[in-house]
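First, the structure itself, so that you have it in front of you.
The first chain written gets the first letter, and so on, giving A, B, C and D; residue counts start at 1 in each chain.
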Amino acid sequence: MAEKTFLDAIREAMSEEMRNDKNVVLVGEDIGVYGGCFGVSRGMLAEFGTEQMLETPISEEGFMDMAMGASMVGMRPIVEIMFGDFSTLVSDGLINHAAKYRFMTGGQVDVPLVFRAPFGSGTGAAAQHSQSLETMYTNTPGLKIVYPATPYDAKGLLKSAIQDDGPVLFFENKLLYRTRGEVPEGEYTVEIGKADIKREGNDVSIISYSRMLPVCLEAAAKLADEGINAEVVDLRSLKPLDTETIVESVKKTSRALVVHEAPVFGGFAGEVVSSIMESEAFYYLDSPVERLGGKEMPVPYNPDLEKQIVPVVDDIMESVRKMIKK
Amino acid sequence: MAEKTFLDAIREAMSEEMRNDKNVVLVGEDIGVYGGCFGVSRGMLAEFGTEQMLETPISEEGFMDMAMGASMVGMRPIVEIMFGDFSTLVSDGLINHAAKYRFMTGGQVDVPLVFRAPFGSGTGAAAQHSQSLETMYTNTPGLKIVYPATPYDAKGLLKSAIQDDGPVLFFENKLLYRTRGEVPEGEYTVEIGKADIKREGNDVSIISYSRMLPVCLEAAAKLADEGINAEVVDLRSLKPLDTETIVESVKKTSRALVVHEAPVFGGFAGEVVSSIMESEAFYYLDSPVERLGGKEMPVPYNPDLEKQIVPVVDDIMESVRKMIKK
Amino acid sequence: MPSKGVGSIVSICFVIYRLFAGIEDIKKMPEEAMMAFEFGKKQSLETMKLMLTSRRFEEKVNEMFMQGLIHGTTHLGIGQEALHAGVSPALDADDWILPNHRGHGHCIAKGSTPYDIMAELMAVRDGVCKGMGGSMHIIDTRYKNMGSSGIVGSAIPLAAGMALQLKREGRKNVVCTMFGDAASNRGTFHEALNMASIWKVPALFLCENNMYGMSVPAKYSVSVEDIAVRAKSYSMESRIIDGNDVELVYSTIKEIADSMRENPRPFLLEAKTYRWLGHSKSDRREYRTKEEEAAWKKKCPIANFKVKMIERGFITDKAFDKMKAEVEAEIDAATEKCKGKDRVQLEEALNYVYSS
Amino acid sequence: MPSKGVGSIVSICFVIYRLFAGIEDIKKMPEEAMMAFEFGKKQSLETMKLMLTSRRFEEKVNEMFMQGLIHGTTHLGIGQEALHAGVSPALDADDWILPNHRGHGHCIAKGSTPYDIMAELMAVRDGVCKGMGGSMHIIDTRYKNMGSSGIVGSAIPLAAGMALQLKREGRKNVVCTMFGDAASNRGTFHEALNMASIWKVPALFLCENNMYGMSVPAKYSVSVEDIAVRAKSYSMESRIIDGNDVELVYSTIKEIADSMRENPRPFLLEAKTYRWLGHSKSDRREYRTKEEEAAWKKKCPIANFKVKMIERGFITDKAFDKMKAEVEAEIDAATEKCKGKDRVQLEEALNYVYSS
């Protein structure tokens, strides 16, 4: 298997699907000659031309809605926004339209649309270009949400998302773009709604997704040196959430720590905590489930602070150690 | 004390504050002669004139942003949108701007803006006019969010919101508008960030807010007939959340049920559950904390279904009974 | 739906005339040429029936509301029947429409029966959307009606996107979206018309300027006298017409749509009209005068077309009354049929949430 | 900032001339009158210094990026100095500006020192925003600079709202917001200009049309040749100017702003210009030709104004070089001063989240 970057994996998934189906169209700003703000689509214009690469004006709300309109009559658009923060500009299309048209029409219409957006801090882009806004969408029936952490999962999940007949939000993290991992050459998909145990262990379940996953894995590796055997669960899909895998893991380990980049308060971890609370895993708990996430502030430009507001390896190790001592 | 409707309470709070300060301005669609989509501002145009009543075109994003701009140089706007569902159109103003300008400018600028929006189903308005979208905002540092259930709290919290120097989201529920309660004549405020025990009890804490609160109270009254003594906690503010009151209540009752109208999955209850999980109340729990909320579907027009997708008195009683049996 | 026979031929002549005449010539075009378009008898009768159906349907909905037999809210299109009967019949069956929230009449004109829609309003399973959508979301894909969004102005980009896909597929079809004067103040209008223009998509943006957005006069909220002027911002063609003249609506739509088929590009058409009733059921109409309402009622599209039909010998008072009674009976029957019909249950509704 | 003495007098005469001349007269206005506006010596020197400061500041930022001494990203305004030096000096101290993301030069022209801004870019406490905002959010309320939003186009309604409040308070001040060609495609542009028009707020919408939004040519993304045309959609006055001619920029802004003070209303001004460097640091500029870049470099606002100054005997080559060296030294010193300055700590930053 070839080692590829997360970014290459995304490009490969799109390219394969676009080759298979001329109705798969990438829609977004500066995706053509420029190759996309982060270079995701670099080189694709040459192969797919303007028929499958729709370069848009700065009109996020409008092009999201246009893509959705097109998707109702045969297009299978992949809508890219430059920064996930601009979610605010497309939320009407996603929440009030894409998520609801199939339902409101009594099943007459499908919206096979993929929405791709890069989230996260760590690039010095400050408060309006660094957020993790998944909770804008996790409470919306009708949407599926995936948030991969590895190149393998990115490619497999993106292909599943493109093949899905409903709207799927595919969230990316900027700091993962250059990370590498094995990506098989052939066709494969990763099922939406299935978590993945990225490391097995018995002492504690560290449950995470996206950019925090490698941080959790690093913490787990270091904890192993201390004799603590952490299991690391990669949610991969936030909606639907693979409660079963979470519950099985926690039943085995009796402890759980949920980690994400978004601020703790109101963050997605609350859902994970509740899913444990409501399952039989609750009765297996040796200590309360804990959450680690971003601090309660907009992302600062100041790089010292920018680093301090998201959980780091030490924070995770410290939380786990305390939990185990209890 | 006079019995007033929730709607009158809101009008009274706005009118009092507008009388005290000419820079308090109501901004929104059809708020003048029409008196607002739900009649909240009926009669106010005569007293406050167009100087303090800014009737807008259908340009939600634009007038939210304009109000915010005005607020940075002296206005204290109260922005009303007709349906909370149009939150999607103003989320850029609220999440990327209002919540962040004070922070991004290192404290140079305050945004004393109140955003009012009516949420909720039960009026036959279907999927795009019936949502409860509080979780679009609960994960945003920089915003305060209140969601009152009684006319008394509505008036007191709205006055606090208007007096606050930062952005406050004031959420309303359409089905509460015509409900009545005592509202004192004089000036008073309710502090943002304080929950309220609306009924004392020892057997279980039913934690809720807004429209579900009266439903919970009704369930509690009926449970009393069965000898079950429920305490009903009205959160009133979602952000900041009064964790202390929640924890004290749960320590006393050893059981908790969280109830809201928004869909369960990804709903705000997750935050409440986590706050219990993370506190000493966890060790007092006799049974896992449970959640009740909306079903995983857009709000249907079909009125039979519309009633079935939100928790009713029986659902709450049933959950409590099961919890107590455990 | 009216047959397109007679009218179409006249209309095609008219289109050819206009195509060969340059812009200057159109301005100088003799009155007779401008007035040239008239429906033949058959089309006149069909058109009248459509207008009467639209009007009666709305009256019936109003009654049903009063009786508490329909819940929620609704926006009635009485007064705007010339648009209902003029637009969809001028389109091809495979052209799409996206009416706004005030669109029952358009939906009927495109093909849905009064029963299909009344059933939706009564939230029974036979409704076009199985009772899931209600009045604000009458969508009937059988007749290429992608219906309305309840978010004012958001269907404008949806329509532009649909037109883009039709063009990509090489279909010679157009998408016509109707929206109000007030909707033209949404940012979506601007973004969609700009993109429609740069990508030359066959989208016909039809602004039904009925002078009010809820209680707010367009004179106050729209910074320009004629909304059609806004087309200039997108290098887009535009035109203003009397939206109460059904023959003019029909011939204009036909001319534009046919021209768009050959040469795909967007068009902004502004039709001046008026809604007789309140914005929605709870509207006291304090924001406008009885005189204004009376003046517009004189421009009733039905009454005025009836006069023409009588003049042309296509109908008599008696025949008109008979047609009206028939329409009334038909709608009453359709409404009766809805009563007691079963509704979708929770299990089934869950199937509509996610695609399978 | 340049003194407003000499230039102002000329400018006022010019304004009076234009005010008395009707629109028709302006069109017929003799070339000489149009060309009448020239800076005096003092203002010329100050203006030149401002342009050089803007240019040198950006060059320095570029260097600092290359050296890894500034992180994040930045959008440099080299080539657009005539706008920087022409706009804010033409405004009153109590007029507000809201530059876009490419706005360092405007911020300096409005009053912030290079140190204030460089400190922000280096994220130290002395930065205008205490290091919380960075390049995309240079806000300095001391000088009535409400800065840029990183969300392209969203500052347009913010500016309109500020202007509304100034008008409510009866202040005779204007708000000038700068935005790019690409920003004119955002829905916020449409919504804000419509409301600015109906409420007649003193907002000067300045479109800095530098022909590209990132890699996308305005010719592709903007459906109209001149963005100023879009003013018609809002019954708004507009004008197009050469954005590289600093005297023209200054006199135009002054004329419009002064007229808005007396008679509050919005205005759309389009200034044609060009950014010499890439959109941001990672841009390879594959979307445009070297020839095009070279042609625009010939229209360098600094070089061209230097020629005029020499012709008018206001400066010599030597004096120019000296000024350049001084500016360079000043910016180097400001930059050095930033190094090692302390940064805000977490506890303090928490205070900025919520108003107290």
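Here is the rule we go by: contacts are C-beta pairs under 8 Å (C-beta built on N, C-alpha and C of every residue); 3 or more make two chains touch, one makes a residue touch a chain.
Keep in mind that this is a model prediction, so the values were computed, not measured.
The chain pair with more C-beta contacts between its two chains, of B-C and A-C, is A-C.
Distance from chain D peaks, on a Cα-centroid basis, for C. Between chain A and chain B the centroid-to-centroid distance comes to 29 Å (mean Cα coordinates, whole Å). Between the Cα centres of chain B and chain C there is a gap of 39 Å.
Taking each chain's centre as the average of its CA atoms, chain C and chain D sit 46 Å apart.
In whole angstrom, the spacing between the mean C-alpha positions of chain A and chain C is 42.
Within chain B, contacts with two or more other chains are made by residues 56-57, 59, 61-62, 85-86, 88-89, 92, 96, 103-104, 126-128, 141-142, 295-298, 300-301. Chain D has residues 129, 131-133, 137, 149-151, 185-188, 190-191, 194, 198, 220-222, 344, 349, 352-353 in contact with two or more other chains. Chain C contributes residues 96, 127-133, 137, 139-141, 146-147, 149-151, 154, 156-162, 164-166, 168-169, 187-188, 190-192, 194-195, 198-199, 344, 349, 351-356 to its touches with chain A in the complex. Here chain A touches chain B in the complex through residues 61, 85, 87-89, 91-92, 95-96, 99-100, 103-104, 126-128, 133, 135-136, 138-142, 239, 241, 262-263, 265-271, 273-274, 277-278, 282, 288-291, 295-298, 300-301, going by the rule given at the top.
By the touch rule above, chain C contacts chain B in their complex via residues 71-73, 120, 123, 129, 131-134, 136-137, 149-153, 182-183, 185-187, 213-216, 220-222, 283, 286-287, 343-346, 349-350, 352-353.
On the side of chain D, the complex with chain C involves touching residues 185-191, 193-194, 197-198, 220-225, 229-230, 232-236.
Listing the residues of chain B that touch chain D in their complex gives 51, 56-57, 59, 61-75, 92-93, 96-97, 102-112, 141-142, 144, 164-166.
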